[in-house]
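What follows is a set of structures for review.
Shared between the two complexes below is chain A, which has chain B as its partner in the first and chain C in the second.
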Partner chain A sequence: MTVLNRIVWRLLMLLAVVLCVTLITFVISHQLPGDPAQLMAGPRAGPDAIEKMRAALGLDRPLHIQYARYLHDLLQGDFGASIVTQRPVLSELAAVFPATLELMLTALFISVTLGVILGVAAAVRHGSWFDHFIRASATFGISVPSFWLGLMLLLIFYGQLGILPGVGRLDDALDPPAAMTGFYTLDAALQGQWAVLRNALEHLLLPALTLALVSFGGMLRVIRASMIEVLSEDYIRTAIASGIPRRTVIFNHALRNALIPFVTVLGLEFAALLFGSVVVETIFMWPGAGSLVLEAIFALDFPMIMCFTVIVSMAYVIINFAVDLLYMAINPQIREIG
Partner chain B sequence: MARRRLQTLVDLARRHPAAASGFMMVVMIAGMALLAPLIAPYDPDAIALDRRLLPPGPAHWAGTDEVGRDLLSRILWGARASLAVGLGIVTIASVLGTLIGCFSGYVGKTSDSLIMRLMDVVMALPGLVIAMALTAALGPSLVNAALALGLLAVPYYTRVARAQTLAIKQLNFVRASKVMGAGTWHQLRVNIIPNVLPHILVLMTMHVGAAILAAAALSFIGLGAQPPAAEWGALINAGRHYVLEQWWYSAFPGLVMAITVYGFNLLGDGLRDALDPKSKSRSIG
Partner chain C sequence: MRLLGIALAFMLSAPWLAACDDDAVSQARRQTLIIGKASGLSTIDPGATVMAYNFAPMSLSYERLLRFAVADGSPTGAVEGELAESWRLDDDGKSWLFTLKQNHRFDDGSLVTAAAVRFSFLRTLRLGLGPAQALSGLEDVEAIDARTVRFRLAAPSPIFPLILALPPMVVINPTVLAHQKGDDLARAWLSEHTAGSGPYRVASWERGQRIVLKPNPYAAETPRYFQKIVLKTVKDNASRRLLLERGDIDIFEGVTPDMADKVAQMSGVALFERPTPVIVALAMNTTRAPFTDIRVRQAISLAIDRRAIASGVVHGHASLVNGVLPAGIPGHDPDLPEVRRDLSAARALLKEAGIAPGMEFTLSYVPASATVDSTALAIQNQLADAGLKIRLETLAPSAFAKVLAGDFDLTLSNWSADFPDPWPIMQFAYHSSNAGEGYNLSRYANAEVDGLLARAEHTMDAAERTALYEQAQRIVMAEEPMVNLFAVHGLLAYRADVRGLLYNAWQPGIYNVESMYRGDDAP
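The block that comes next holds the complex of A and B.
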């Protein structure tokens, strides 16, 4: 398979996945026990009014026509209106998304740093007690429920020690910085509001750490395994034997090759973080997409739930597509053999 | 004979200490779940309003909840729900995945490529988010959560089953049987599936921990087990509102759950290493 074929193939896959997700959300939205026309018309509407609403919503047409219309609306960015607030769900979701993205990127940064440093350190001391200890903690990391870990961190650092703030993105006394990126930390730094920056970082730490601690284990395991494999290669032994400093060999020669399989894990970890953010945002009352969708679940606000599902799924497949491109770019073997 | 068998087991445990300790944890938790009716000190649903939110003590080792139910008893009974849902997810995924994978691999041609492309699509879905949407739509319950999570995990088993089937169907005894006139179903039942099963069992062991975590996460956000059912995720969720004052409410169920999942993960890793010759030579040498 040439590189071009591979890219075309991945694009087709991407399309199939998006179709599949929209089909699932469409069928869910239309086979629900409740009657959307009844819901939209309100509890005191008579049968005539409900029929009228049904026609207005296009619910009297055959299912495949409705699906085509649904897709058509999605392509226009029309995901429908929230049953609770009556406002377009997409703009509601877009308004809170920076908060989620800020949390996820911080978590990703922490877990990649932890995963790479500890993974390399364990691989270099392969077989030692340090290696066993790191490996055991990585396995424990992927075994701990994130929602429980978040509660325990909250209990220790907020409840017992009182050194970190508990919930939200900022103390109530502080005003959020004027929105430029939507990231409180970045906006505060750009506008030189150092007190706000410090406070925003303190609020960010516990939820980000919760997400990071449950996801670094997977990364560490991959880095460690591929690092051990690379370190046993002949060219590494040759490099060490020829007198190149060990540090240079590890970081410049070995790590660069060991990072290749790691890239594919990043895409998968992103999915885990997306769902993890739903759970962690609830615990820390983080006003992001996760909190919003959770409220929607309790209010049976299906347009909101389906919008979240479609957007997250699309983000997921697009990121994995990007990761695949990156993988081809940094792995010369794939470029040559294909 | 019995002694020699025991000696083999001891040797095995010595060679794979991590897997052995994982096995011990799994056995311990499974024992707790099975014996819950016998060893639980109280009725897990018995309300005692005069003993609300008591800290851990001699009468209630893990404390009590907001209506005075004994938490240790609820954790023990919760082991049943959590293990059952974990095993349920793994069973749904493995049975369907094995059947589809073996069929796909044995029949080959167009149906094989169609099935495998469909599996690629399912694998590319963000599983937990889709499961969340499905469970919200089907109605929150532990059974619906297990169904959604189980169905979304089918492709992992399909891939392994298909790969093994492709290797097995080249072997002489399978080809001979085909020449003698064996039909597809007979071949699958007698020759293919039994030989694929060991690999599926390893995958199942590695999957149980993640399945328990996923189901508990859905319960935690209110989509799985419904009150007053004692299930670990639901217990942690119920204790969430009391975490700063009554830490034991959420702490103990989560700790037991982490140990359970850790045990399954250690055991799964060990089994995989034992089947994978590359890592086997490493652990012996």
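The block that comes next holds the complex of A and C.
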């Protein structure tokens, strides 16, 4: 299969996945018990008001008509309006997405740093007590549920020690910095609001650490395994034997080659954090996309649920696609064998 | 790469070096009142909600014509003017005339006028949602001049001034129509914004997270101390308690009976506890066999040990209810006998009604709290003693619609009155016109009761009116469409350095923040 064929095939797959996801989510969300029109009208609303609400939301039409209409709008980039706020769901999601992205990127930075450094260190000391300890830590990270870890960190560092803030992005007494990027840390730094920056960083630490600790294990294991394999290659032994400093060999020659399988894991971890953030955002009351979608589920806000699901699914497919392309770019073997 | 490292190091170290801002942050915290709420708000459009958890921002951002007078945590039954300078019943006996105070201004600086009052009430009626139900007798609102407004009712209504003191009966700035979409009367906009003349206004709302209010610069009554109010949603009880303990929230709403004693012992925390008219009841579907049979309903009532539930489940933070109307409401009779558990009488009644031992029924309820779950379990156990098998069916709030539609055997309901009058409870819980979605959950229908309630609703003489409600109460008690289990106590915990809080247990979630202050900082 040529590279072009591969790209076209992946794009077709993207369309098929999005179509399936919309169909499944649409059917499931509309089968949930409850009546959004009744919810929106509120208690003690008259039957006329509820019927009017149902018609306004388009819920009085047959399900297949509702779905066809949804797809028609989706093709034009219109994800619909929230049942709760009546505002376009895409802009609602876009408004909270920087909070999620800030958390995800910080978590990814911590987990990559931990995963690479500890993975390399464990591989270099392969078989030592240090290696065993690091492997056990990785297994713990992979096994522990994020909600438990989050609660424990919260109880220890906020509840018992009182050295870090508990929930939210910022202390309630502080006003957020004017939105430039949407990242509180970056915006506060750009505007020289140091007290806000410090507070935002403190708030970021525990949720980011929770996400990072449950995701670094997978990366660490891949890096470690890959490094052990590369370090046993003839060219590495030759390089060491020829007198090149060990540190240079490890970081300039071995690590570069060991990073190739890591690219795949990184892509998947990035996508997984999109879903993982729902639980962690809820525990730390982080006002991001995860919290928003959870509220939408409780309120039976179908358009919001659909929008989040479709976007996350698309992100998954696109990230995998990007990883494939990157893999082809950095590994000529794949390009040739295809 | 090296530059990036230096930038990162600077970014991480600068805030810790800049400790000089700490005093400003600390002062900002002192002048911020943070209220920890147990549930997120759905809308703050006064024309669209009757749910108490939505009322806090409305009560701080808008003004009503009248407000309830409160003493010692409970309403006195009297009203006092908020926007109204004076009011009187017109000569026709069914219209009310109000004169507005001068110089009350909306948050855009414009004056509150009779035209704005007219706009607000007609808007509520046109929307036809929950608050409109309380205004069902209102025929028209007439702005006689800039400061005089007449409410014309279809029939005399002694409770109309009390209705006008309800939280949704606020005056909205008519300029909100600039935000109208289609014919929604600015409902979408007002669901997240405010346009009132109260001491504060909504500055921002992160849905499901927090609402921030800041002073209204044109308010007639400017805040005494707090410059910022944060209504913070913290759904988990344990988290809310932790935040209170650490001083990250000032007021803790939704203290549950099981944690009240522990919260009261926390350092730097005070706890209010007051009786409320909120009744937790077991409603039986009177339109579904065998609950159509009075004997079955009476048997269930006799099989339930109310004392055991009040002490075991609610840990004593509740009062027993000996009748339909709770204490504090005219018509409440403290001499009515308490319904005591009598299992043999219950079994005999069930046998007489042809109910075989082991017959299964379903108790459908929304597990809104651990107390509700425990109450359901207690009912299940107690009815098992009488030979009835109860299956518990927990419902998502959105699925409660099936109960409203009448598809249930037994359900748990919460009953409350916003003011000391029999009307809210008797009308909504027992009038046949409110069956189902009107929140007469047991779908009780009795023509004689309907007639008595209709007469009482329009009787201006207080004694005659109370007698009519007492008569209706006796019929309802004999027919027992609902088993009143207990009246909950209002529990509110707050940081002890918050001063001047006037707690009204009948309207939890509404605060006099404009006159509150912190510690010894009183200006």
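Simple rule for what comes next: the second predicted complex is superposed on the first by the 293 of 338 C-alpha atoms of A that agree within 3 Å, B and C clash if a C-alpha of one lies under 4 Å from a C-alpha of the other, contacts with A are read in each partner's own complex, and residues count from 1 in each chain.
Everything below uses one rule, namely that a residue touches a chain if its C-beta (ideal position, glycine included) is under 8 Å from a C-beta of that chain, and two chains touch if they have at least 3 such contacts.
Remember, it's a predicted structure, so these values are computed and weren't measured experimentally.
Asks: A:L274 contacts which: chain B (first), chain C (second), both, neither?
Replies: Only chain B; A:L274 stays clear of chain C.
Asks: Examine A:L201 and indicate which partner it touches, taking first as chain B and second as chain C; both and neither are also allowed.
Replies: A:L201 sits against chain C, while chain B stays out of touch.
Asks: Looking at the overlay, does A:A299 come into contact with chain B only (first), chain C only (second), both, or neither?
Replies: Second partner only, chain C.
Asks: If you stack the two complexes on chain A, which partner ends up touching A:V84: first (chain B), second (chain C), both, or neither?
Replies: So A:V84 only meets chain C here.
Asks: For A:F216, using the defined touch cut-off, is the partner it touches chain B, chain C, both, or neither? Pick first, second, both or neither.
Replies: Touch status of A:F216: no partner.
Asks: Which holds for A:G159: it touches chain B only (first), chain C only (second), both, or neither?
Replies: After superposing on A, A:G159 lies in contact with both chain B and chain C.
Asks: A:M285 contacts which: chain B (first), chain C (second), both, neither?
Replies: In the superposition, A:M285 contacts chain C only.
Asks: Looking at A:F147 after the superposition, I want to know if it touches chain B, chain C, both of them or none. Which is it: first, second, both, neither?
Replies: first
Asks: Would you please give the residues of chain A that touch chain B in one complex and also touch chain C in the other complex?
Replies: 32-33, 158-159, 294, 298, 300.
Asks: Which bits of chain B are touching chain A when the two form their complex?
Replies: Contact set of chain B toward chain A: 18, 117, 120-122, 124-130, 132-134, 136-137, 139, 209, 213, 216-217, 220-223, 233, 236-237, 239-240, 243-244, 247, 250-251, 253-255, 257-258, 261-262, 264-266, 269.
Asks: State the interface residues of chain A toward chain B in the complex, per the touch definition above.
Replies: The touching residues are 13, 16-17, 20-21, 24-25, 28-29, 31-33, 136, 139-140, 142-149, 151-152, 154-155, 158-159, 271-272, 274-275, 278-279, 282-283, 293-294, 297-298, 300, 302, 305-306, 308-309, 312-313, 316-317, 320.
Asks: Under the definition above, what is the set of chain C residues touching chain A in their complex?
Replies: The contact residues of chain C facing chain A are 11-12, 14-18, 21-22, 24-25, 28-29, 31-32, 34, 40, 42-43, 48-51, 127-130, 132-133, 181, 184, 187-188, 191-192, 206-210, 228, 230, 232-234, 239, 242-243, 246, 248, 395-402, 404, 428, 437-439.
Asks: Where on chain A is chain C touching in the complex?
Replies: Contact set of chain A toward chain C: 32-36, 38-39, 41-50, 52, 84-87, 96, 158-159, 162, 165-168, 171-174, 185, 189, 194-195, 197-199, 201, 285, 287, 291-292, 294-295, 298-300.
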